[in-house]
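Notes for the one structure printed next.
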């Protein structure tokens, strides 16, 4: 499947924390760590575990830009 | 100002394209290029220009995770 | 690629309208028509044209629920 | 109330799972099941229960498009 | 229609700017002005004009929190 | 840090509820109360407590507009 989302950062999963319904998955994408908040169900379905390869995927309209003061 | 958004990737602006109301800003964050779709007004207010330093900022709940088949 | 986004509705593209930077793509997903606002660039990259098959993909945290009064 | 969100898919609630703060509500919208991640508080306020009629509502800028490889 | 989105701020429309596909609508919600980026089509369908009453509606998962340094 | 997000409503925190991974923070922004769903981790990092000053921050593309029937 190819998707319209413009941003796909490849990396390695460094943490998976499941909550009651929502999980946090942290992916090291070349030095920076990106945090994703997704459903527990998606974690199970994709078999996300620490050490696995994964992409952080973000739609362009969900990216903000900031600058230092 | 400090913000709750978990993801801040620092980089250099490589492209700024203004549309009628919506602009696309591309930031090279260490090899990968992240595309942000923001208002023209924000581009002006922050003074975003090619070559400038900027952060791509994303709320954790807007990050998805993908894996190769 | 498999993605964490919970919602994938398969259908047929019934309209593609490009703006200056942002395009609207309408997909008939079995009677209902879903509108997606994505970048022009994604339209080109995925080769989206009227009559083509496509999925509307939505992250669960972007879905609201409404009821009639 | 009428809202700008372009996408409203009518269906029947097939599952309501409350977490500590976040609930998952699944709505069958004519064959496909859509998952919404909303607050527990909204579930209570709207009286969402299995078997009830409800709409899955999504802003156009939160819809992505995907195609098969 | 009642909706799960937690945040509804009532105000008066002070600006409507249509682009090629995306419009910006500004609503004065008691002193502060909130900017919404929505489709041109929604502006037409809801009949949004300067001086009209409207609500800015935001899903809780789309709200970030910031504090001064 | 200055950010592209168009909407910043200043107020006072009136409630902080932590869940397993996701917290709800309520901010009184001049009469209206805005609910933010953010990570527990952000609550800790920013030191968000009831009575503290904070901003509700929202990207323009995450704001919808509604009108009364």
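A, B, C, D, E and F label the chains in the order they appear, each numbered from 1.
Here is the rule we go by: a contact is a pair of C-beta atoms (placed from the backbone, for glycine too) under 8 Å apart; a residue touches a chain by one contact, two chains touch by 3 or more.
If you're wondering where the values come from, they're calculated on a predicted model, not measured in any experiment.
With steps allowed only between chains in touch, the distance from subunit C over to subunit F comes to 2. More C-beta pairs touch across one of A-B and A-C than the other; that pair is A-B. Interface equivalence for B-F, evaluated over D-E, C-E or B-E, points to D-E, where over half of the contact pairs coincide by residue number. Subunit C and subunit D have centres, each the mean of its CA atoms, that are 16 Å apart. The geometric centre of subunit B is 29 Å away from that of subunit D, both derived from CA atoms. Chain geometry summary: the mean Cα position of subunit D and that of subunit F are 22 Å apart.
The multi-chain contact residues of subunit E, meaning those touching 2 or more other chains, are 1-6, 19-22, 24, 35-39, 41-42, 46, 55, 57, 59-62, 64-68.
By the touch rule above, subunit E contacts subunit C in their complex via residues 1-5, 19-22, 39, 41, 59, 61.
The part of subunit F that touches subunit D in the complex is made up of residues 17-20, 22-24, 35, 37, 61-62, 64-69. Against subunit F, the residues of subunit E that register as touching in their complex are 5-9, 24-25, 27, 29-32, 34-38, 42, 46-48, 52-68. Residue ranges on subunit D touching subunit E, taken from their complex, read 1-6, 36-39, 41-43, 45-46, 55, 57, 59-61.
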